[in-house]
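Listed next: structures, encoded as structure tokens.
Look at the two complexes coming up: chain A is in both, with chain B in one and chain C in the other.
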Partner chain A sequence: MNKEVVLQVKNLKTHFTTSKGTAKAVDGVDFTLHKGETLGIVGESGCGKSITSLSLLRLIPTPPGKIVEGEILLNNKDIVKMKEEELRKVRGNQISMIFQEPMTSLNPIIPVGEQIAETIRLHQRLPRKPAWQKAVDLLEMVGLPSPEKRAKQEPFQLSGGMRQRVMIAMALACTPEVLIADEPTTALDVTIQAQILELMKDLQKQIGMSIIFITHDLGVVSEVCDQVAVMYAGQIVEHRNAKDLFKTPLHPYTQGLLSSLPNIHENQQELQTIEGSVPSPYDYPVGCRFADRCPHAREICRAEAPDLLETNNAETKVRCFMHTEKWEVIEEKEELVCP
Partner chain B sequence: MLLFIAKRLVQIIPVIFGVTLVVFLIMQMVPGDPAAILAGEGASQETIEQYREDLGLNRPVAEQYMSYVSNVFQGDLGNSLKNKQPVLDEILLRLPITMELAFYSILITIVLGLAAGIISAVKPYSIRDVSVMVVALLGISLPSFWLGLLLMYLFSVKLQWLPVAGWDGPLNIILPALTLGVGGAAIVARMTRSSMLDVIGQDYIRTARAKGLKEHFVIYKHALRNALIPVITVVGLQFGSLLGGTVLVESVFAINGLGRMIVDAIRTRDLPMVQGGVLVASLVFVFVNLLVDVLYRAVNKRIDLN
Partner chain C sequence: MSITTKSPILEVNHLKQYFSLKKESLFSPKQTVKAVDDISFKLYPGETLSIVGESGCGKSTTGRSILRLDEPTEGEVLFNGTSMTSLSKKELRNVRGDIQVIFQDPYASLNPRQTIRKMLQEAMSIQKVMPKEQMEARLLELMSLVGLRPEYLERYPHEFSGGQRQRIGIARALCVNPKVIICDEAVSALDVSIQAQIINLLKSMQRDLDLTFLFISHDLSVVRHISDRVIVMYLGTIVEIADKDSLFDSPSHPYTKALLSAIPSIDEQHKKDRIILKGDVPSPIDPPTGCRFHTRCPFATDYCKKEVPALRSLSETHQVACHYAESLLKEEIV
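And then the complex of A and B:
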């Protein structure tokens, strides 16, 4: 596969400086997003998924947050180094975002049509009337019933699902190259959730954009994503094709996440959960950040931090000593030391 | 909305009862006999009794009150004890002056308060923010009569830019309006700041930024309008204390408004004048609050009107 690269993130580090110290919420994230691809970012809550996505548009509240290192290359231009003016042309235009909470993410006292139309006026320099018409058309496209009437309403007059449709219409108003969706369906009930996912897939086909889909729900990932990046403690620990990841998870954390999924094929009696909790971003361990919870942890895991490395398959990246050549050697040695 | 307004108007009736009763009781309790004061120093006991008879002050207190209230509901506020003129005429003469003063004062409160609050909130904890808030704290702590005297001394006596007192030109309005408005401006500034900071932290502001809107659009279109909702209530309350302040400020600046009329009437124990003045001031306050509530509901459609 030699697809066109849209977005490339290199060694992204976003830290928060607070009275408690420095929280390394995002601590060296690398990934590449291709055109038309859907990349899922998964991981337990607090792993740094939202901060990663907000960093991409530099929406981190500063202070206390700051992108301290790294590059975010959008068509080879570094967003981290952009001036405000240039950055504003990217936001909502080339990259747009949908947030988890459709209740609070829309302005409560501005009609939803206007909230969409203002983006269109801004980026496409359309006058008021055509911009409004386009907003209504967009609302129709995302399947909002009687869009003409709804456009004039304020968010409190719409249900949660409708609001999320409005958010999607707003995000797609300027046909972005990249859509970032941070848990877009988490706050919705299951039926609405399925409808929204379906809608996003449809619109992606029409517009041909790339999507970064953030969720803690692996079930959703298997439905919509081509690629999956698993995040743990501010880093990516496994990045692979979605099918392979679900078939043969490589990282012990991914394995843990998958075994805690309800499985319809085997009649599992009990859901397994990963014991322990995510280490505090204020104080990560020196070695592998998963070591305290990992059933395979060895001495080296506590002494050294593994890198995110390609395995024999160049499409697959894992951050774990188990999948390096030295693991076999280590294993033998350790067995000698402690039988 | 109309139903809401109608309901609020009906609520004015108990307000009339309450206000008149409280003023009536207080005036009964303060020392000083109105008949004796009117009769003048050294008047004989008979003259005083005669006055008392004429004024109807020898009737039982409850009866006096009931007849007063029933007259009020017929639009009659009684006559002044001092000059026998209808109280209403005097009030109609003085109310516009006080309203003008109140209007400019509340204008200062709103404009100055909002500007300072926004300036602070846009860059919280900056030197600019801290200095604005220190000044606001001073503004809240200074008693208004003291501020009035200070302003008068500075601008009228020392610099001679503005007239000392009176009410006969636009320049006369500046100092009393400032004196009355500044305290409220400080309160509005603090409220605006905290409300703005709260709103700026909301998700929808992040959404507005994520759309690529210019920062001043984010602040003025998306943040400020939401932040103003609680500020409206504060301005309404501020209007009440501002009305109270006119009593002092009109006396300091020798303005013949309603406030000063009430002070003079209290001094001569002119009960109908005090009653009428306080009642009208209360009604103005009630109406302004109704206006504020209507405005609040218009801005914030989420509130169920009933």
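And then the complex of A and C:
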């Protein structure tokens, strides 16, 4: 594919040093984001998806956290190496972020319109009046009813869904190339969530930005994402086109994750579960990090760590020996040993 | 299941739960939040009845009012035919052994300074479940029942993961041999793979111990999986009660339809017909007149604004509170 690359992450490692040792929260993440594309990063709590997104804007509190390795190339400029001043120009202008709980990201005692206008004034050097007018226009764009009135209200006067709309308006104020949305609809009710997802899709079409959508909700991912990266224990284990991923998951973890979802469209007797629990980020096993919970695990899985490799299809990447040539060879050998 | 022939284990009649707000000034009118406004339903032994709805619809308040954790403003709750609402504190304590509750966040509901052993023992001795000598055996049995290792009895709540804590919450509910368990968002805070483990555990326990569940949740996929019957609430009232299959296959209230269609699905087939509701849930302080859903309902008429729709039966197992339920079903306007 010849789509324009906007953001490229290479071997990103973000580690946290604590009294218990080094927690490898993000441990070798690679992905590429194309223009106009929505990439979903999914995984369960503690898999490193939020730390990945925070690392992209260098928002990791240091210490204890630190990006110890890797590159984050935004239009071929490495964010990891940027000075604070340069970074400030990237944040908000080129990459924006929205978070799960808008109430904690908005200033509780300043009218929401003023907060958006301030962003515009700082980033675009507009005078007060035009900035305010632009804020009101943005609020209208995100579908807030009676925007002039709402712009003068403080966050507590708005509902959860409205606050998230305000956050989106603020994130879009400088028409960023990349929008990172970290669980933007998790705190919302489903009917409101449906509104916000629809809004994000519409705005993406209008503005043509790329979105990184971080969530634990696989349903949401399949609604909005083109590409999906599944994370487990600090690494991406599968990265593919969303449709294919949900149809034929390749990695055993993705398979387990999908089959443990209760299906709303039919009755099931028992839910599939993934046995065991996630390994500690302080002490990952030598081999595949999923091996202890994997129903297919063999000797090699515990001895060697698999890489995130392309399969026959160049756009499908999976971190599992099952999908390499090695597996066939081993299979024959092992069957001889243990029938 | 012929549940209708049995007598209900728990009956809720015209339950109302109002909370009065602090006056803003001396002369401002008194405001009340009508969290639950006149709901009635029956829970039959051995079944799982779910209450679903969005935040603020009154589903958790209903659970709390049944247990009298909040004193109901009006209405009656009958447990095995006796009225819970008129019991004294002491009598209530006996009944509470029969009705247990599991909360969403087990960490907030477990005493951080008590070992698991102490916590379970305390609950059992308050409810006088069994003599002290037999307790030890029962403790071990409980731990294996919920899938925890016996040595965990000596640990404190902070030493466990979320899934394990929820198992402890379940063990604590079970230790007094309850008949009914109210699960208030019991699996909502868990990751999907852990959630699946806990749901399976709840289901197997229901089979083995003959428990009745009142399952309060906002997650409709989980509800479909675990329930026999489902109640849908909106803004303090019940809009639809039906057995699981007819609710999910032919939802009759426009709100239920919208709610079901709003759920993000990983299934390609079910993505087309989405109904996106306009606006937010109105405030329960001053709910809309007539049908409470009329402000967001795509089919609302002037009649809906004036007349409160009664909960009426469409079939033996399906009740709905909408003036136009039949015509909506027939014409398939959606």
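Following the convention adopted for this analysis, the second predicted complex is superposed on the first by the 335 of 339 C-alpha atoms of A that agree within 3 Å, B and C clash if a C-alpha of one lies under 4 Å from a C-alpha of the other, contacts with A are read in each partner's own complex, and residues count from 1 in each chain.
By our rule, a contact is a pair of C-beta atoms (placed from the backbone, for glycine too) under 8 Å apart; a residue touches a chain by one contact, two chains touch by 3 or more.
Since this is a predicted model, take the numbers as computed values, not measurements.
With the two structures aligned on chain A, chain B fits next to chain C without clashing. Contacts of A:Thr104 after superposition: chain B is touched, whereas chain C is not reached.
When both complexes are overlaid on chain A, the residue A:Thr119 reaches chain B alone and has no touch with chain C. Angle at chain A between chain B and chain C, computed from CA centres in the superposed arrangement: 70 degrees, to the nearest 10.
In the superposition on chain A, contact of A:Leu218 is made with chain C only, not with chain B. When the shared chain is aligned, no partner comes close enough to touch A:Ala23: not chain B, not chain C. After overlaying the two complexes on the shared chain, residue contacts for A:Val318 are found with neither chain B nor chain C. In the superposition on chain A, no contact is made by A:Val6 with either chain B or chain C. Partner contacting the larger number of chain A residues, of chain B and chain C: C. When the two structures are aligned on the shared chain, A:Ile41 is found in touch with neither chain B nor chain C. Our summary of the superposed model lists a minimum C-alpha distance of 6 Å between chain B and chain C.
Once both structures are placed on chain A, no chain A residue is touched by chain B and, in the other complex, by chain C. Only residues 54-55, 161-163, 191-197, 199-200, 203, 218, 220-222, 224-225, 244-245, 248, 258-271, 274, 276-277, 279-281 of chain C touch chain A when the two sit together in their complex. On chain B, the positions that touch chain A within their shared complex are 201-204, 206-215, 217, 221-222, 225-226, 229, 299-302. Taken together, the chain A residues at the contact with chain C in this complex read 44-45, 145, 159, 161-162, 189-195, 197-198, 216-223, 243, 246-247, 256-258, 260-265, 267-268, 270-274, 277. For chain A in complex with chain B, the touching residues are 54, 57, 59, 61, 84, 87-93, 96-97, 99, 101, 104-110, 118-119, 122-123, 154, 156, 167, 170.
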